[in-house]
Structure formats: C-alpha cells, structure tokens
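Read from first to last, the chains carry the letters A, B, C and D; within each, the first residue is number 1.
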Amino acid sequence: MKKKVLAVLLSAAMVLSLAACGSNGGGGDDAASDSGTESSEGGNKGYSFQMIVKSFQSTYWQAAIQGVEQAKAELGVEVEANGPANESDIADQVQMLDDAIEKKPDGIALAACDTKSVVDSLSKALEAGIPVVCFDTGVDEAPEGSVLATVATDNVAAGAVAAENMFPVIEEKVKAATTDAKVRIGEVNQDATALNIQQRGQGFIDKMLELCTGAGKKVAVVGNEFYVNATEGKVDEKEAEVIIEVGVPAQTTVDLASTEAQKIMSKDDTIAIFGSNQTTAEGVITANQTLNKLSTDPEKGIIGAGFDAGTPQKEAITNGQFIGSVTQSPLMMGYEAIVTLTKVADGESVSDIPMDGYWYTKDTMEDDNIAPNLYD
Amino acid sequence: MKVEKIKQNAFVKKVGFNRIVLIFVLILMYLAFGALTGGSFFGVSRITNTLNYVYFLGFLSLGVTFVIATGGIDFSIGPVMYCCALVSGYSLITYGVPMTASLIMSVLIGVVFGVFNGYLVAYWKVPPFIVSMASMNIAKGIAAVFTKTQSVSWPQSSTADGWYRNFVSMNGIPVGLIIFLAVSVICAVVLNKTKWGRYILCLGSNEEAVRLSGVNVKKWKMLAYIICGTLVGIASIFFVAAYTTVQPGYGDQYNNEAIAGCVMGGTSMVGGLASISGTVIGVIIISLLQQGILALGFTKEYQYIITGLIVIAAVYADVSARRRKN
Amino acid sequence: MGDIILTMKGIDKSFPGVHALDHVDLEVRKGEVLALMGENGAGKSTLMKVLTGIYKKDSGTITYEGKEIEFKNTREAQDAGIVIVHQELNMLGHLTVAQNLFIGREFKKGIRIDDRKMNEEAKKLFDRLNVDIDPTETMSHLTVGKQQMCEIAKAVSFDAKVIIFDEPSAALTESEIEEMFKIIRDLKKKDIAMVYISHRMDEIKVITDRVTVMRDGAYVGTLITEECTKEDIINMMVGRVIYEEPKTESAVPKDAPVVLKVEHLNAGRMVQDVSFELRKGEILGFSGLMGAGRTETARALFGADPKESGDIYVNGKKVTINNPQDAVNCGIGYLSEDRKRYGIVVQKTVAENTTMASMQDFMNGIFIDKKKETEIADKYVEALATKTPGVDQLVVNLSGGNQQKVVIAKWLTRNSDILIFDEPTRGIDVGAKNEIYKLMNKLVEEGKSIIMISSEMTEILRMSDRIVVMCEGKKTGELDISEAKQETIMNLATREIE
Amino acid sequence: MANKKAFGGLKGREIMVLGIIAIMAILFSILSPTFRTYPTLVSVLDNSYYITLMALGVTFPLITGGVDLSIGTGLVSYALIGGYLIVHQNVPVAVGILACIGIGLLIGLFNGALVALMDLPPFLATLCTCMITRGLGPALCGGFGVSWPSAIAEAGAFRKIFKFTTATGTVIPVGIISMIVLVIIMSFVLDHTRVGRYTIAIGSNKEATRLAGVNIKFYHVLAYVISGFFAGLAGVAYAATYATIYPGSGAGFELDAIGGAIVGGVSATGGVGTIFGSFLGVIVICLMKVGLPFIGLQANWQQIFTGIVLIAAVLIDVVKKKE
C-alpha cells in the first residue's frame, strides 16, 4: 500500500512539475497565442496561421519566432508554432504538418526539415485549400500550386559569400601553394540531411574551388564522399596545390563536430576552416579551445569563418578567432513569412522573397541590417 | 483444490480484464482528446493520417514482443530499421537496384541483424542488453558509412517507382491497416498456435526446464530475434512509404515507443508472458497519445514526458499484479 | 537444563489461500538443542521466519528473555541475539569470506571499512571454531560445506543467545557434519540455545535434547529425545505409521536385457570414471551423500552438462549424447531434483508442460493440435491421478507431488523408456510420496527402466532392485537389493572420508 | 589486503584494457602523424570528461545488476536547465551549476524509487526516465538551445576546472586531475565504504544482503542517486567543454559511458566491477571516437568499432567463464 501511495505521489509530482513548466512559457506556442490575443485591438484581420519550424534546438529559430511575434503584433493575426525536438526528426515534422492541415488554418508557414518527405502533405494542403508559404528552406518538388511563396535564403549564394570573404584573406597563401607545399581549406558540415545545409556547403566548396582555380591553382576535394563526388572541376589529391577537406560528423552534436574540426585543424597545412551552420561553427570554436590555432592573420594561424550566430560565435568574432560569419535573416524570414501569409489570406498575389546571406565581421556587427539577426 | 480453482478463474478473468481496461483507456483517451481539441480529432482523414504514420511503429512493436517474450530485449530496432531503409534506399537511388529488389533487401537486412543479435544472445550468451547496444552502434555506423552520411529519399508517389507507397494507403483504402492487421494475426497465430511460439514463450518462462526437455532452446531463442529482425525490416518499408526520407545516425527514439507499446499491452518484461493483441492495442494507445498531444498544441517534449510516465504506470501495474499473485 | 529463554505462544500466520501456522507454541531453553521436526510444509521454516522478523505474525505472542517482543526485520532479531542459519545459503559470491561474515556490521575507521580488522576477527572466529578457512578467499570459490561453516561462524559471531539451524546438514559431508556437531556442543556449553531443523532422524538422536514436532502448520507435541524412538517421532509427524519394510528381493530377472550401459564417464571433479548398467524393468538406486556426484552423473549422462569422456550404449548400441536433445532422442528422460527450475514451466498449463518434450507429435501441419494435446494430457492426468481442476490449469497452482506427476507425464508422452528420477519425492508430502512410489513400480512393470537418485535411505531400500553407491564423484560400490543393508550403503558412501 | 584476492580477476582485466589503450594509441600514432600531438591528447581528454563522469556514476547501478539509461538525455537536460537559469534568469553561475547537479540528483532519486522501491525492471524504468529527461529540459526552458558563458567571460571561470589556458596560450587539461581525484574517491567509496560494499552485495545476492539486516532499499536507491549526481556533474563538464547545449540531443551518450564501463570489466549481470576499470574503458571509447577520424576513417566507423569492441569485451568474459 505504501508503495502505491509513493507511486502516485511520484507521478503526481512529475505531472505537477509538467503543468508548472507548461504554464511558465514552455514552447513557443503558448507565448505565441498569448500575445496574439493581446494585440487583437490593432489592425485585426483575425486570421489564424499554423507555423512549423525545423526545431527549437538552435537560437536561430528563436530569432525567427521573434520575427513572427513582430508580424503578429503588427497584423493582428494568430500564429501557432510547433516543431520537432530535433532537426533530424523528419517523421515528427511530417505528422505536425498533417496535424496543422487538420486544424484548417488560414495558412501554413513551413520550414521543412526534409524537402521530399513533406511533398505528400503539401498535396493534402492543396486539396484542403490551405495556402502554404515556405520559409528558411524551399521545397523544390512541391506540387504545383501548393506552395505560394518561398521566403528563404539562397543557400548556395550564402555559402559562396563565405568563400568570397574568406578568400582575400588567404589569397597570398593560396598563391604560394605548390604540389609539394599544399594548403588545406577545411569545411565542417552538419550531417547533410537538409537540402539547405547541403547547398550551403556545396556553395562554399564550389566558390572556393572557383576562386582558387582562378588564382591558377589545382584544387582537390577530400573527405566526405558525397561532397567529393558532387564537386566538379577538381583534380586528384596528389596533383593538387590546394585541398578542400570536408568533414561531416556522424550526428548533429557539438562534440562530434569538434572532433571533425580538430582533425582538420591539427594538420599543419590547414590555412582556413569554415563551419557551415551554428553547430559546426561552434564545433570549430570548441576545437580551437584546445588547439589555439585560429587567428585573423593568415601568417599566425588558421582563418576561421562560420555561419549563423549564437553567443559563442559572436564572441569568436569579437575575440578575433573568426574573421567573420555569414548570417541569414531568421527574424526577417519569420516576419516576412507571416506577412506573406496574411497577403495570401487577403487575396493578394504573392511571389518568392529571396533573402540574402550577410557577411558580418567584428566591425559590422552593430550595423542596422545585421544586428537584429545576430541572435544569442 | 478449491483454492486453486478460484485462482484459475481469477486468472482467466484477469487476462480478459486487462484487455478490457486497455480498450477502455483507448476509448477514453480518444474521447478526451476529441473533446479537448474541439472535435477536430474525430475526422476520418485524421484517423487515416494517423494510421499511415504509425504502421511502422506497430511492426516494430510486434517484433520486439517476440524478443521480450523470451525474456530478452532489443533496443536496436529503431536504428536497425533506419539502416534497412538507408542501405536499400541508397542502393535503389544510387546503384539503380530495382524497387522490388530494394524492398526485399530491406527485409533481408533486418533478418541479418536478427540473426546477428540472436546468435550472440542464444549461442554466445551475451546479455541481450549489450548485444542491443552493440548492434545499435553497428547499424548506425553501417548506414552512415554506406550512404556517406547523406539522407536518402525514396521515390515520391508520382514517380514510376512510387507504387511502394501504396503499402500504407492506396486511393484512400487503408492498405497498411489491412497488412498490419494481417501480420498481427499471423504473429498471434505463430505465438499461440505453433511450436515456434510455444517454445519461445516457454523458454522465456523457464529456459532450463525447456532445455532439459530435449528442446534446442538456442535455436528457438535465436528464432525470436530473427522474427523480430524480419518485422523490423518490414517496418522499414512502412516507414519510407509514409515518410520517404531517412537519415543516418538516428532512429533511437522509436525503440522507446515500440517497447512502450509492447509493455503497455501486457507483455511482461521478465519473459514468458506475451500478447499480440495487447501489443496492437498498446501501440495504438502510444500513437494516439502522440497524436493527441500534438493536436493539443503541445510540443514533442511533452509527449516524451507523458509517454515515459504512462509506461512507468503500466509497468508498475504489471509488477504489482504479479507480486499479488505470488 | 537451563531456564526458558524464548517462548512462542499461539502464533498464527496466513498467506493468501494457505493457513501456514495455526496457533503454534514453542519453548526454547538456554543451553539446549531443540529439534524442530515435521514433514515438508509443516511450517517449521515459516515459524522461524516469523520469529526473526522476516514474516509478520497475524496473532500470538513471542516472549524473549522475559519480555514480549516483535522484530521488524532480521537486523533487529540479530541485535537482540536471535540468529538464523539459513537453509538456502545466503552468500554474496563476489565478496570475500570476511566481508560476508561482517556484512551489515562492518568495522569502520572513520568512513573507511576496516577490512584488515575484519580479516583478523574472522581468523580469530574460525580459530575458535576450529575451522580452516581463509578469510580473504572469495566466497564463491569455497565448497558448499565450507560456505555453510561460514554461515554458522557468522551466526556465532553475533554473540547470539539463540541460534536457529535450518537444515544445516543438507549440503554437508559426513565429516563436515561431525565438525558442525563439535561446534554445536561447544556452543551448548556456553549456554546458547539452539533450534535445529532437520529431516535426518540420526542427527536428531545424536545432537538434540528435545524434539518439537509440527504437522500441517500446527503444533503436535514435544518429546525428550533420549526417551523417544524414531518411530515415536515419525508417528507424530505423519499421524500414522508409514514405516515400510525394505524390498528384500528384486523381481527383475538376472538376465533381463541391458537397456543402458555407461562406461568410464568423466565430467569434472564430481564424475570420475563412473560405469554402470541398467536392465530393462529395474529400478537402479543411486545412493550417496549430498555432493557425491550422483546428480552430476545423471546430468552428464543426459547431456545437460558437458562431459569429458565416456561411452554410452542404449539397447546395446553406442550413442553420442552431447546435449539433452540427443538424450531425449535416445529415449532417456530426466526428472530433476529441482522441479521448479529444471522440470516444469510453472507459468504454463498442465497440457503445455505434458507435450513439451514431444511437440512434433502434436502438430497439425504447422499448427499445434490443441485437441490432441488436451487428449493426451487428460489421459495422463487420469492415469497418474494428478490432482488438477483441468489440463488448462497453470502448473504453478499445483502442489509439489502433482507437479512431479506432470513431469512424469511429459516423459511418458515422449515415450521415454529410460527415466532418471532425481530425488523424486523431495518436497512432496507423505501421501503423495506413496503415490509416486506406486507409479514408479507400475512404470517398471510396464517395461520402463528407472534410475533413481535418492538421499533417503528408506526410499533407496524400499524401491531399488540394485543400488549404486557413489562417494566424492566416484562409484564406490554396487549392491543387489538382497544384500543391501543401511550400514553397508553408508559404509560405501563414506568410505573415503573415514 | 582482502581485495587483492577478491578482485584478482579484475586486475588482469585492467591490465588488458591498459594494453588495448597502448596498442590503440600506438596504432593511431603510426597511421596519423597529426594524432601524436599534444593537442590531440588534450582533445581525447576533453572528450572523455563528461563520459568519464557518467561512467563513474553508472558503474554503481551496473554493479547492483541494474542499469541507468537516463544519464545521456539527462545530462543534456540538466545542462540545459542550468544554462537557462544562468543566461535567461540571470542567476549566478554557481547556482546554475548547483541546479544542474541538483536536478540530476533528483532524477537519480526518482530512478532509485522506481527500481528499488517500486521494483520496476531497471532497464525499463530508466528507459522511461530517459524519455522523460529528453522532454524535461526543453519543456522547462522553452525548447530552445542555450549557450553557457564563454571561457573568457568572468562567468565562465568554472570552465577552467576542466581546461586551463596559460597566458602564453598553452592549454593545460586540468580536468584530468579532477577526473583522477574523482576516480580515486569513487574507488575508495566502492571498495572501502559501506555504500560500495552494499552496492556489490546487492548485485551479488540481494536477498542475502537484505537478510543480513542491510537496508537494501536505501543503498539500492543510493546507487541510482550516485548515478544521477554524476550525470549532473557530467552536464556541467559537457557545458564547460562544448558551451552550447542543444535540446533533443544526448540520446546515445549513455551508451558510451555504459559501454566504457562494460569494456572496463563491469559485469552486465552485476556484482563485479571497479571504478578504475570503468575509467579505462571510457578512455578506450574516447580514443576511438577521436582517433578514428584521424586515421582517415569517416566518423561513422567509430560507431561500428564501438559496437564490435563492446561485444568483444563481453565475449572475453563469456569465454573465460566457459573455461
């Protein structure tokens, strides 16, 4: 009997703690619906939208939600946001999307974890007459008419931006490279499951390859076979003067990303390294805590660059470990996605809104077009 | 003898009673979620949608039921399922292996893992929990090495090879449900009406006694793991048919859900006592819970927490019931 | 005889469905050894568990040293000076002897456990008891007898005033028992009261002062050991005289065909070069003390444990038996001494257990032919007079004797001609015992052959046609029933010890 | 010394694992010149802290014959909550760290209650807590990831416990000192105190231990509390090493720790094991994790090798027992 009481108490305690955390702002959804009602006195259009993000894992999405909040306040619409626990939980996201469709909202904003698995659900949305706006990541194979607009960063271009900004710093070194004294440029890419990160990584590789080739150097790509096979215009490792090495951690965790970064950075010929999203950029920073090799001066160490923001990365830039990073505009994307949806609901015609990737450095971090996107 | 007779009746009653409680819980949950979500939970499309996404979980649960019946455990099922889908999917997309062959390959990979796990557990007496841990790592590793750490997207419905997606539903007919129920019936028959099931259950209850009856217990124990592997292979087909994309390095989360479904259904963790119908109901409860929590607008985290608590409650009920009986 | 130290009065205890203790009285005096006797299930162990706080009594009073007490756990009982030496060995195999002795009351230096002092104390204790055990040895490396000695030493080390021995001799060799008796006599001199639970009548006579007898959970009476005979005690235990005369002559013809021949069987220390023959229709008794290697011989023969060498011939043909499957295919069936662990699957039904060894005969295609299964189970329930409400009853709900019959039914279903009965009546009440005996006789009449391993001399003398005696892993003798006497057998069984 | 004999078999195991470590280190060094550098050593150590801490803790439930699967998702959860408090609720860092450890302790207590008091199978009970902790952190912290204060910031001073960078930029992995100290302390606890003695006793024969008058429920719960406590510490170590905590991660961390313990000679069936062995086992796992990418194998091979090593470690025991 005593045990039973204990069991009940224990579970009650757990449930209570659950309820408690539910009430003080667990999940973006609660906050979202609360402020939705508050702002109803503004230009209330009374629309209710569903929003599916990739996850709440990184602070990147926190910024996106901020943008959504802003749009909600201005437009007086309701947005309910949800997302899987992990950017890799494709299955969960598909279910959430279906669930959102079931709720028959006036529109859905979607940041697809995987672009192919959502195709069926998008057809369902089309049948149900629910307009969809994609943000952050476009869905190429979406059925005709289902996705009305895409608010997304051109990831190939964004990756290229990193290469373009990195290259001038290391140009001298690249030019000095020979087949006997090769130089190595590293890239750490998250387990390339989502198309946007793939594109970004590839964008960097292609641009870097182009720039190095432009400088008259032969370039080889080594490391993860996917990228090796996908890159054109490369040469064999032996003949190359410049090597681009791509590391892909087995899972999206900082510890594995840092091991990959470590592997590349501990090689003597490495002159630069790029982490293509928040996790991998942090992996590079973590690896550097041990290696202490990153520097903004190519003579003194390895040139580092990252992607997105987050406290560690921002500090790395301020401290001179990274020369800079590329940021997207998660805040604006979130904002624009809702604005676009509202337009759709109003019956206006909409078109894709390409978002830029901005290169930011220590000096430009405070700029007006940069600062709001540099989330913690 | 009188005492024993009463016990007997009570026991028979209890078996039925458990099942009734489960179904009751199921209906209650359904109604509760329906009421809380303002009726949107009752739609037919909602039900079929839900079903499409949980068949694979059902197959995993069925599979692990056999292993748990022997008193073992297999929590490599999720990653192994991913491994099946990834390796065969990658072969399909990259090497142009025909669709039919890829599907067969999925199942075969599952079988191979079943043989591997079963062999180590039965013939080498490695604790099942260690074997699971090892094969989980191996499955993840093989899948990632094979696919070069890229996710694999199986063909869309619209493509020529897209017919495999009809396994879950075809023109609104819930084909998946029919297959799942059919496989469940086969599993129930195997478990209760054949020599295989008899030996699997008996050895789960008292392996040594069965061995001393001149039964090749190693063989039958391994068989349970092979059945499990086969069902995991089948699960992988239903997974890709529902979601198309699989990515390497993951799959762990489904272990918990599948084992939870199985345990909810009254299969005892100490072996010897298993019920396929219970597993079927259990897995439906778990998925309903999943969907319900989602429909209520809660994030995934809450689902983890609530599922965890509910399984604890279910296991505690099982443990205390067994203690009362002894 | 000393003063009364402990009185238990009107102790009552029920478990669901069982009235385990029915107002039992018990009185123990300082410096005496009180035998507590009764058939299995008479409630002796339960009574002692109530005393030491393992079970809670429903009603009744316990008075100890003049005060009424009730212990909540063994720890309290220990602290008060009442210690139990358990029937099942309570050892922690991974710890050392000293660590085992002082588990729960380690010597400490600050927060550190003082292992050195524990070893020293253990050594002193063993010296005092005249036992040769290294306190730093890992417990699981000791022989069963030595482990039992540790248990006793542990009890002594508690400064106990009352020590309860629950079947302490079950696993001991003759010499070890002698050693233990020496210790007990020693303790007696120190005015310690002892309760000695045992089935061995001879020991009772030698070591105890009084005998309290229980039957079916109730107190029957107390006798002064010196003044009573074995028959007196047995009569109280069973309520009727069952002492049967031993078989004097074998009914099996001397030229009956040999169905099983074992030559030079070796399997570890416990089975050394064992050879014997089994004739059709006979019961071959295997006698010896605990740990003589009889069960090990049977298990090696049956393929349950690996054997090193030895030839086995069934019906004159040499066979290979590497595992139980081979043995079963040769028509051998094994009924283990520990039914619950090795004989039956308790969570399954009578029918399922009956067909366990012969599934292939009950298949209808790939399905189990439940009808046929029920028929055969019904048949054997009737033939063996198994008391069960039905064949779909779970075996766990049957009594020991009936469980044994289910195991017999299993082998009969398999059509096994050679049956190895390992302690067939252990844990079975007297009435059911006789039934099992009748059954065995009936089986040999039908042409089956039986190897019967038994530690009960009366059983051996009553049932066997021939007797093989083993001692310390070796066969020490083979007797025809006509020439077998208790003394001869005992002599053979203990030959090497003395 | 009593233990010399009692754990004689294990001494051999520890020597064997040490040998494996040496062979692996030599092999990696030969195959990869960059491996045999000081930073790589530091990196292996960095990688090992949180796993070592988890392993030290989980050794106790393992020795009781149980297991704690909740430590992996647990540590992420605790670190997430601690970080959330520091970054978003502005509590002092010390309080955040204490919260991290404290919650670990509570979850350990919860596990202990489930296993020891309610008699649930440890495997299943902790699998459930694994699910619960997976959700708990994100649910309490709004679902977002959090970055602990950086090493340079004043608030990040605690990170110096694990890694100290001198003025000249040399990195000193001081964490290893803490680890060795903890290994010594926990070895002492396991071998020379009641807590450890009864943990082994419970794993050896629970009923006999109970009959010896030991409050087994208390000590059984305590084993899980120790595990939870170390999971909390591991959360701090993880935060110190990797700064950013992502919700939803952590599943699989426990396998590295449990795998390490098993490789180091802890018996999967209970009763046998040493802290030092667990520590060595973890080093083997970490060497593989860090070393395999260095010799040119993609990160995924590490998982395959971990699986194989694990089975090999247990098979050695199985074969030994057969003899």
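Assume a residue touches a chain if its C-beta (ideal position, glycine included) is under 8 Å from a C-beta of that chain, and two chains touch if they have at least 3 such contacts.
Keep in mind it's a predicted model, so treat the numbers as computed, not measured.
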item	value
Steps needed, at fewest, to go from chain B to chain D via touching chains	1
Between A-B and C-D, the pair with more C-beta contacts	A-B
Averaged-CA centre spacing for the pair chain C and chain B, given as whole angstrom	44
Distance between chain centroids, defined by C-alpha means - chain A, chain B (Å)	34
Euclidean distance of C-alpha centroids - chain A vs chain C, Å	71
Residues of chain A touching at least two other chains	3, 7, 14, 18, 22, 26-28, 56, 83-86, 89, 224, 248, 250-252
Residues of chain D touching at least two other chains	114, 118-119, 132, 134-135, 138-139, 143, 247, 252, 298-300, 302-303
Pairs of chains found to touch, sorted by chain label	A-B, A-D, B-C, B-D, C-D
Residue ranges of chain B touching chain A (in the complex, touch as defined)	40, 43, 45-46, 49, 53, 140-141, 144, 148-151, 153, 156-157, 165, 239, 242-250, 253, 290-291, 294-295, 297-302, 304-306, 309, 312-313, 316, 320
Contacting residues of chain A [partner chain D, same complex]	3, 6-7, 10, 14, 18, 21-22, 25-28, 31, 55-59, 61-62, 83-86, 89, 224, 247-256, 258-260, 262-263, 266-268, 278-279, 282, 285-287, 289-292, 310-312, 315, 319, 376
Contact set on chain B toward chain D in their complex	73, 75, 120, 124-127, 129-131, 133-138, 140-145, 148-149, 248-249, 252-253, 255-256, 259-260, 263, 269-270, 299-305, 307-309, 311-312, 315-316, 319, 323
Chain A to chain B touching residues, read off their complex	3-4, 7, 11, 14-15, 18, 22, 26-29, 33, 56, 80, 82-86, 88-92, 94-96, 98-99, 102-104, 114, 116-117, 119-120, 141, 191-193, 224-226, 248, 250-252
Residue numbers on chain D that touch chain A, as the complex places them	34, 37, 39-40, 42-43, 46-47, 87, 110, 113-114, 117-119, 132, 134-135, 138-140, 142-147, 150-153, 163, 165, 169, 171, 238, 241-244, 246-249, 252, 289-290, 293-294, 298-300, 302-303
